[in-house]
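Below, subunit A partners subunit B and then partners subunit C, in two separate complexes.
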Partner chain A sequence: MASTIDLKGLVTWLELADAVIAEHADELTQLDAAIGDADHGTNMRRGMAAAVEAVAAGQFTTADAMLKKVGMTLVSTVGGASGPLYGTFFLRMGGALAGKDEIDAAALAAAVEAGIGGLVQRGKAAAGEKTMLDAWYPALEALTAHPGDVAEATRAAADAAAAGRDATEPMIATKGRASYLGERSTGHIDPGAASTALLLDALARAAAGETA
Partner chain B sequence: MKKLINSVDTVVTDALTGMAAAHPGALRVDTDQHIVYRAQAKEQGKVAIVSGGGSGHEPLHGGFVGSGMLDAACAGEIFTSPVPDQIVAATAAVDRGAGVLHLVKNYTGDVMNFEMAAEIVAADGIEVASVVTNDDVAVEDSLYTAGRRGVGVTVLAEKIAGAAAEEGQSLAQVAEIATRVNANGRSMGMALTSCTVPANGKPSFDLPDDEMEIGIGIHGEPGRHREKIAPASEIAGRLTEPILAELPAGDGRGVIAFLNGMGASPLLELYLMYGEVAKILGAAGITVERSLVGNYITSLDMAGCSLTLLRADDELLRLWDAPVNTPGLRWGV
Partner chain C sequence: MIGVVVVSHSPELAAAAVGLARGLMPPSEVRLETAAGTAEGTLGTDAMAIVEAIGRADDGEGVVVLMDLGSAVMSAQTAVEFLEPEVAQRTRLLAAPLVEGLFAAYSAATIGRDLDRVCAEAEKAVDAKKKQLAG
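After this line comes the complex of A and B, so read on.
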């Protein structure tokens, strides 16, 4: 078990996330087709691939520089609502880790909380509206509840995000494109919550020492 | 899926390349950044207008770049909003010192990306105003949704605000006119079939042969409800009634009536539908001052149509009649 995750671990996180998003891209797109506009998987795959490429091309010595690059790349390549949302998340997350190259569970929780603050501000959304926040909030709660060990905390966060993702199924969307369906949006998992759960699963695996 | 494409990954780039080839004297197309510009920029001192959105709605927006309408249009991936980099580049390129109006359709992604771009260019000292169109009455409960969608009125706003900018009105005036168009316009759409997003490869929703979807948007998202297919005269009523219920009374002023095709319905059917709408408006005592019928804001290969009505005052009608010279809309030149 690891009490911290270092810069290399964060890079591994993004590489694992890129792979798992690519693997599940069709599934994300199908979820989006049901209640949105059938492009979430395609857009996320394009964005994560570009982010990993940008990270590989750069020389980063701190988490904030690296995560801000990821955020800018996602804003520039994803489009739709997911680009500004995930982009803002990584920009804010990086901002909370200024100068750090070794991150403990408490710092990680604070960084995720800052990222979520960015999501709320950019998306003007709240919990329970069938958005990615419904995966992020439970994940943050789990992170905060496990302040000692990063691997343990991120695994708990990934499990909580997956449960949060599943909990979006009966919800009625009131934000984003799914909201146009009104009650017809129930019975479908929110694609943004699904991609968030994938990102957190990748984080847990990176923290546990898996390599890309 | 059968489509006239090379590869699903290059659809937008290839289409923009073709657009550049088709209109060499009128348009300059940045096929790397996916931005359509006028070949000849307007005079210094005039307000410029930038719009944009996901691809798949052609001729909107790139087809409306030209004298009397837009100065630049940013094309996103299919049904995906453009990114801030594109909007920033377009805004900086077309600014003639009088500021730039961003005309944005009300979708979460479009609004966020234009917002981020506006923050960036404002920091660079370019004056930007933004008007968001949200005319779709199919979205019934704006409190519990992302708000009414921007659809047909966007075409009318681009034309009318474009004319105001061309005659030298200030940024505040051009923005006010676009706002007035949006406030006085309402739309409603319906589909006979889904569309097929190339990257997805199959129809976005299943619609049985004997059913239609009422209250659709322009992205293959399902509508508010579906019902059995009906004669055109009845469908015209389904579109017109909810619009009239929400259209500002406008002191009995007449309307601009815009019957729009979703991409796969023949003009024969669109004129037939317009005829039915005209009968209903006539019976309701509403004067049609101007009309527009055709495929202007489409949803790839969706069959169906939308109706937009705009209560038009004398100034809006004068600006509507002003010359326009774009690939998608041309008169008075």
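After this line comes the complex of A and C, so read on.
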């Protein structure tokens, strides 16, 4: 049982996320090649590596300072749309954790909800439009449903995000580059939903005590 | 004087658009800045680079930002969140097409128009082309 995740756990999350994104970078780029501009894996790999480096270089005593640094690094280094999207997510997530160095499941759910608010504001998308939101919304629902234990909550969120990612396959994109393809965007998993599922899997592993 | 920022995925496109505007117009004191490409020189946009470009373009009167498309727009919106509130207040992101909007904004700024007027000129810049094609 892990009722909370601390700053060290958040750092581990980012390190595990960096590793899993690097491992799946080619796959993310291939998904993006089918319906986008074939740079999602490369961009995310560059951004996450820079974020981990920035976090390692700084001395952070609160979750908000650390996650805001991650957000600022992503908006500056990713290059594609996932930069402002994930960057804004982390900025808003940090904003919801002001002054905290230990986060329980309820605070984590509230922070993820704030992050999703940033994604909606930035991407002007809604559920069912074949975007990363289709992984984030089910994840938030799962987090909220497990208010007691962070490890349990994040595992449920990661599983829900993976199911959400798979559910983007038959969807028709109406946002982003994939929307130019219209009905031809169906039959492909959304790359943003795929990277979101990877980030949440890394979070669940960090919350369960795995080390990078 | 109103400053102008060009945001593009491509450093070459931004430089060429600026070169075209400067080359086809009389000499101007307008601060014309670009934020284009990633730090590694690949296609992409960098919100922090846009923040810096807006800072260079701003002399206190205001800045208009022209963008190419897609994530350039999202990065520009993100950049505005990082500006000091009073700078954000006088920074406008324009829906105008990049080349037409740049010409109109640059001309209006050159003759000393204020922020609202520069924006209005840029936003109606595509109308001239539409009229020409309609004829």
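Everything that follows uses one rule, which is that the second predicted complex is superposed on the first by the 212 of 212 C-alpha atoms of A that agree within 3 Å, B and C clash if a C-alpha of one lies under 4 Å from a C-alpha of the other, contacts with A are read in each partner's own complex, and residues count from 1 in each chain.
Please note the rule applied: contacts are C-beta pairs under 8 Å (C-beta built on N, C-alpha and C of every residue); 3 or more make two chains touch, one makes a residue touch a chain.
The model shown is predicted, which means the values in this text are computed figures rather than measured ones.
Three-chain overlay on subunit A, with subunit B and subunit C in a clash. In the superposition on chain A, contact of A:Gly115 is made with neither subunit B nor subunit C. Contacts of A:Gly164 after superposition: neither subunit B nor subunit C is touched. Within the superposed three-chain model, A:Thr77 lies in touch with subunit B and with subunit C [touch as defined at top]. In the superposition on chain A, A:Gly94 contacts neither subunit B nor subunit C. For subunit A, the partner with contacts to more residues, out of subunit B and subunit C, is B. In the superposed pair of complexes, A:Gly9 makes contact with neither subunit B nor subunit C. By the touch criterion stated above, A:Asn43 is placed in contact with subunit B and with subunit C alike.
Superposed model on chain A: among 55-63, 271-279 or 289-297, the stretch of subunit B in collision with subunit C is 55-63, the rest showing no clash. The residues of subunit A shared by its contacts with subunit B and with subunit C are 39, 43, 75-81, 83-85, 122-123, 176-177. On subunit A, the positions that touch subunit C within their shared complex are 39, 43, 46, 72, 75-81, 83-85, 87-88, 91, 122-123, 176-177. Residues 54, 76-85, 107-109, 112-113, 115-116, 138-141, 144-146, 149, 197, 199-200, 204-205, 217, 219-222, 224 of subunit B touch subunit A in their complex. Residues 29, 33, 35-39, 42-43, 75-85, 122-123, 172, 174-177, 179-182, 184 of subunit A touch subunit B in their complex. Within the complex formed with subunit A, the residues of subunit C that make contact are 38-40, 42-49, 70-71, 74-75, 77-78, 81-82.
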